[in-house]
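Across the two complexes that follow, chain A remains constant while its partner is chain B and subsequently chain C.
Now for the complex of A and B:
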């Protein structure tokens, strides 16, 4: 094992050196870093060219200049010396200082999108595999390929037009939904639900009718009560929410037959409901850390309840308790965010048009954790959706294929034959093995994460890694290009390495030597 | 273990847990709800611009970028090389006339021989940190702009000094001010008198208010008095006899050169010190910069609103949707036909005009084929300038016209006279027959150099190629992405590229038209023009100067120097929430009259 790791590290360093040299020379020859100065203002042109040449050693040929760059970059290896010298940009900014801020913007942008893509993709993939060739499966297949083939700039423009400008106009005009729209949305919702649930015609009709009427009533109520101006779940909404969370969690974790788990989930949900009333005062003076602490504390409480009530199979109850109370607290937080929504929308910097199309925050906007949270949400909503739609498709396909393959294996047939309930077969025996190939994809995806999303970043004016790379390469600004290269090369190599190790950990048949 | 013991321990654990919880919560909470809304009552105007801010000093080679220039213009510490600013001695009007800025002080020419200019600051002016603005600050501005103390000999190739010291690194030139002697400061400490060694045409561009003296002094580790004393005592630099650099001056200059470059909100507030109506108050890296009112500003250019926010949005279409969505009140995108269409579809108010950069076709006087004036004239007669304009510029700016002067732009008052004298307007449409007559059957080969990466230049080249071929010319495509490094070489017969007209000021004349001038790539040489250019550099009478420039324009036209083609179009837009936005063609761009904007009701 140790020799394997050492060998991998040695090889990685060599790869990094060779790749950086090739990258440096190619990027240096891709254009003229003095282009913006030439043929500009005749009076000062020669002077400006001379100044830039001197500042960036442009008179040294690129292959030799690489050694100068390497000499500075190598200083990053000296621990605690803080002497990292990745060179200067054309505008005299230190690459070592602009890289972290670019990385931060990118992480902020892609983290939520990637996590929700994995979660949604895997869930939808599992459902489609379980209902292979059903109407739902075919619809999702169609939708995911459709989304996968949409160019991200087009998605971005559509999102801006309809979700940002359209929704903001809707809010500004008082949030009234015409009756016709309500009916159309209700019918569409009904159609979608009957496809999802499936079954014989009679059942489909019932599902259609119920869901259409329910959607219509809820939408109508929202319009009449001006819900979009003053959103909130309210005590009733929270109560219904936590109850559903408790039942669904138990169903997935242990099955409703496990009374101890069900009781744990019920008590956890009840506690979350109590917390909804008890913690409002604390929420008003909360910081991000308070919320994190409250969340973790409640999860611990959920685990404790499961431990106390769990009996012989404590693990199941503890999981049910923790997941139930965690998700329920998220609902409680969500309600509190909604309570701050009117304050946010009516702030003079927002002017009644909350959904933003550029940047990641409103300049000069200050407020408590709820208001700044909403500000981040309104800014990152569109780019997150744009990224999500594309990677979602990929995960759905992998999850579906993975589960189908696993379900056809002998041990699944054995499990079914010995009379295990279908829930146990899928959640215990199939699900975990399905995760092996997904884990590899996730590992490489995380490596690609930091590379940024060039187009999405540019269209939404977020200056992350992708934007840094694209603009710098466009100006033949070598040092930031190399800084970008260094970060993503190291991350990619590291995560490939980790994926190899993860394989060995997940699959006993693989040995690392 | 007894039951009592177990209970005691459990309650102790519970109490401990509760205690920890209380502690953590106490440590992690805030003082209570703050209003999410700290915008003051006067309102905020937000403008989207294309490029990011990189430095608070736009006068250095690396800081010389358009958005940095806007910041200098608004806050007012641009110095002589940064040019016009709201907190300096002059601003420009829409015709690029120099307007003296009474809010700061006055300056006037008191004698022609030797040229003497008296600067006088208004009494009671203060920097935004409360320090007085005095003649000491003007002396510092002069020291920076004149390069008085430099004794460096620069290596032609690398620009690095081979001997001596180059103190302040300017993006602009020290021409003019470099002939001045050590200025005299008046007794009241508010005035300063400059005596030029030789007459200098652009003396009015000598804005002596640069970065504050007290800030540079502090950065150099001395008091303001000591710093001024150093400036007064240090002798003029002589490149022939370089001396040891003055430590204080070097420290101050080094700070001025790079200390104002930033990548996050500067922690040192002295960097933000402003003399103009605006002061930078907040900066989010790569996203936005906020300006609020300078509390110490006493002039008349106080904005009617509280905050000006510049948001950096490189993508023009993203700017348009942000404008449509009301996130910004106005935008300043790179002009293109697509952007214009998007703005029109979104029903936004578009404000168009011409920028100061212009494309032109130059004939190489060093090439054999153009040695014959008839060939030059014939070639110019084939240039389809109207067609080029209509295919490249009209889609962006429908009211654009062909540029008919090498020196003036239509916004200048002298433009009409210049066109009348030069007759460039006769070349609007190609005259193929006339060209054929002049060629008399000859078929000269013309190599045209242009930038193949610039679609506008490619279009221009193709239009010229098609038209000139009709008249019998054989056009060789000498275009290259490396056109700029080929430009001085002369391995071509004609070149298509762009200059940025200064708008105000005359420094480009000698560079472009004088024999062996720095920007005279086409080896143009005319003794008469050389004389006129020299005369123009020392002409102090504006009327006579205008006449001289018109004559230079006409003389180059008579020599068939080449043809100006068009000005690049510029584009602002607003969504109707701001009144008072007007077009301006130079680098200051949209914010040039930000002090006059009002928020629409």
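Now for the complex of A and C:
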């Protein structure tokens, strides 16, 4: 194993060197770094050109200049010396100081998009696999084909035009929803739910009626009570929310027959409900770290309740408790964010048009953690959706295919034959095995994250890694391009390596050699 | 070399004449028939060919002039909105409207389709050939040949497609070379996934008995690779070629959108979107026509690819399953 890892690292370093050489020579030949200086004021032109040539060693041919660059970059390997020298940009800024802030913006953008794409994609993929060839499955298949064929810049422009401007107009005009829209949305929701639940015609009709009416009533209430101006879940919403979370979590984790898990989930939900009232005062003075601490603490409480009540099968109860209380706390946080929404929308910098189309924050906007949170949300919403749609399609296909493959295995037939309930077969036998290939895909994808969003960042003017790369390449600004390349290549190689290790660790049939 | 054996027998009745005859079908024939059963894919293929023929004939290709009256570079008097009306059907003078300097948009879009299709076909074709040859040699010879070739593949795969595409596109574009050079350069950096898939296929096929038989019979390596193994791996090759083509069209439009692909005065679907996105609220047609054709072309190619996948692999009717297995296989084998 140790020799495998060492060999792998040595090979990776060589690959990195070769790739960076190719990249350097290609990028150096892609244009003229002195273009913006040429044709300027003749008095200073020669002087400026000479200065830049000296600063960037432009008189050295590209293949040789690569060694100079490599010498500087190699200093990054010295630990704690802080002597990283990735060269200068055309504007004489240190690349090593630009990169971290760009990385931060990119991470902020892509993390949420990727996590929600994985979550949504896997859930929808599982449902389509379980309802194979149903109307829902065919629709999702078509939709994912469509999303595969949709370039991100197209999505981005459409989102800007319709979602951002449309929603802002909708808010400014008082948030009234026409009755026809309510009815159409209700019918669509009803159709989706009846396909998801399935079963005989009678049951489908009942599900359709109930879900359509419920959606219609909720939407109608939202429109009448000006919910979109003053959103919030309120005590009633929180109560219903935590109850649903508790029941659904128990249903998925252990089945409602497991009374201990159900009790755990119930107590966790009740605690979250109490926390909703108890913590409002703390929330007003919270920082991000307080919130994180509160969240982790409640999850630990959930685990503890499960451990205490769990009886012989502690794992299930602990999982039920932790997931219930975690999701419930997210609801509580969400409610607090919604309480700050009117303040945010009506603040002087926003002027009632909250959804932004450019940048990653409102310049000059200050506020507590909730207001800045909403500010990030409104700015990152559209790029996140644009990124999400495409990876969502991918994960749906992978999850669906993976689950179908697993469901055809002999051990699933064995599990069914010995009379296990369908929930156990799917969640315990099939789902876990399906996750193995997904885990490797996730690892590779996460590796590509840092550099992935070139086009999306460009369209939404977010100053992340992708934008840095695209802008620098356009000016033949070699050093930032190489800095960008170095980061994404190292991350990609590391995560590919981790993916291989994870695969070997998760699937005992695979052995590394 | 086929050997003709002449027997002194008079012409026999053709087998098809007998009503109970079972006509033998070749593998290719079976695949073709399975493909025909997939109606969406067949319709997609026909539509795709029609769009290509339409686009190439409209503005002309190379020295051959097109049938459309306006050229994609000539300025016209400004009229603006599309004159296309579906009922009663009439094209009008500028069916897709005009852009802000008065160039006929139909000609621009058709020229854009032409360029995007050229890039797509060159990347799909050349990329597939390069990838197949590298993958075949690596998978067949194994050992150090395999190690070297796969490490070279790794070198290219480390760089994301859009990044290396942008660098290559910038090089091709700034030196004023045309769409052909751009697409050939892009093809030379997009063969990696096919090489891996073909290699995985060759690694398993080379252990089969018929390869052993061919070797014992004295066939040369080249003959075994191209005559014995490759026909058995052709399903993987063709399916990944269509997938590559579908992603190529998105790559080209994305690069042109960023300004690193096809440059003005040439036209490209991504370039048209990039030029006109700010005019969305005033002249939405400048946005919708190229958008329609980008999504349409990519969707059609994806559907054709899906049909081909099913046709080549009847056991697995389900989408992506095969690809999924290959991905996990390559991951497993790489380690």
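To be clear about the criterion, the second predicted complex is superposed on the first by the 489 of 513 C-alpha atoms of A that agree within 3 Å, B and C clash if a C-alpha of one lies under 4 Å from a C-alpha of the other, contacts with A are read in each partner's own complex, and residues count from 1 in each chain.
Rule of thumb we're sticking to: contacts are C-beta pairs under 8 Å (C-beta built on N, C-alpha and C of every residue); 3 or more make two chains touch, one makes a residue touch a chain.
Source: prediction; values computed, not measured.
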Which of chain B and chain C A:458 touches, first, second, both or neither: both
Partner chain in contact with A:157 - chain B first, chain C second, else both or neither: both
Which of chain B and chain C A:148 touches, first, second, both or neither: second
Residue contacts on chain A - larger count, chain B or chain C: B
Partner chain in contact with A:85 - chain B first, chain C second, else both or neither: neither
Shared chain A contacts, counted only where both chain B and chain C touch the same residue: 31-32, 157, 161, 458
For the chain A and chain C complex, residues of the former touching the latter: 11, 14-16, 18-19, 22-23, 26-27, 29-32, 141, 145-146, 148-154, 157, 161, 397-398, 400-402, 404-405, 437, 440-441, 448, 451-452, 454-455, 458, 469-470, 473-474, 476, 481, 484-485, 488-489, 492-493, 499-501, 503-504, 510, 512-513
List of chain B residues in touch with chain A within their complex: 21, 24-25, 27-39, 43-44, 46, 48, 52, 54-55, 60-65, 154, 156-160, 169-173, 175, 258, 261, 263-264, 282, 284-288, 290, 307, 309, 311-315, 317-319, 321-322, 324-328, 481-482, 484-485, 487, 497-500, 502, 507-508, 511-512, 517-519
Residue ranges of chain A in contact with chain B within the complex: 31-32, 34-35, 38-55, 59, 90-94, 97-98, 101-102, 105, 157, 160-161, 164-165, 168, 282, 284-287, 289-290, 293, 297, 340, 343-344, 347-349, 351, 353, 355-361, 363-369, 371, 458-461, 463, 467, 471
Touching residues (chain side chain C, partner chain A) in the complex: 151, 154-156, 158-160, 162-164, 166-168, 170-171, 174, 246, 250, 253-254, 257-260, 270, 273-274, 277, 280-281, 287, 291, 294-295, 298-299, 302-303, 306, 318-321, 324-325, 327-328, 331-332, 334-335
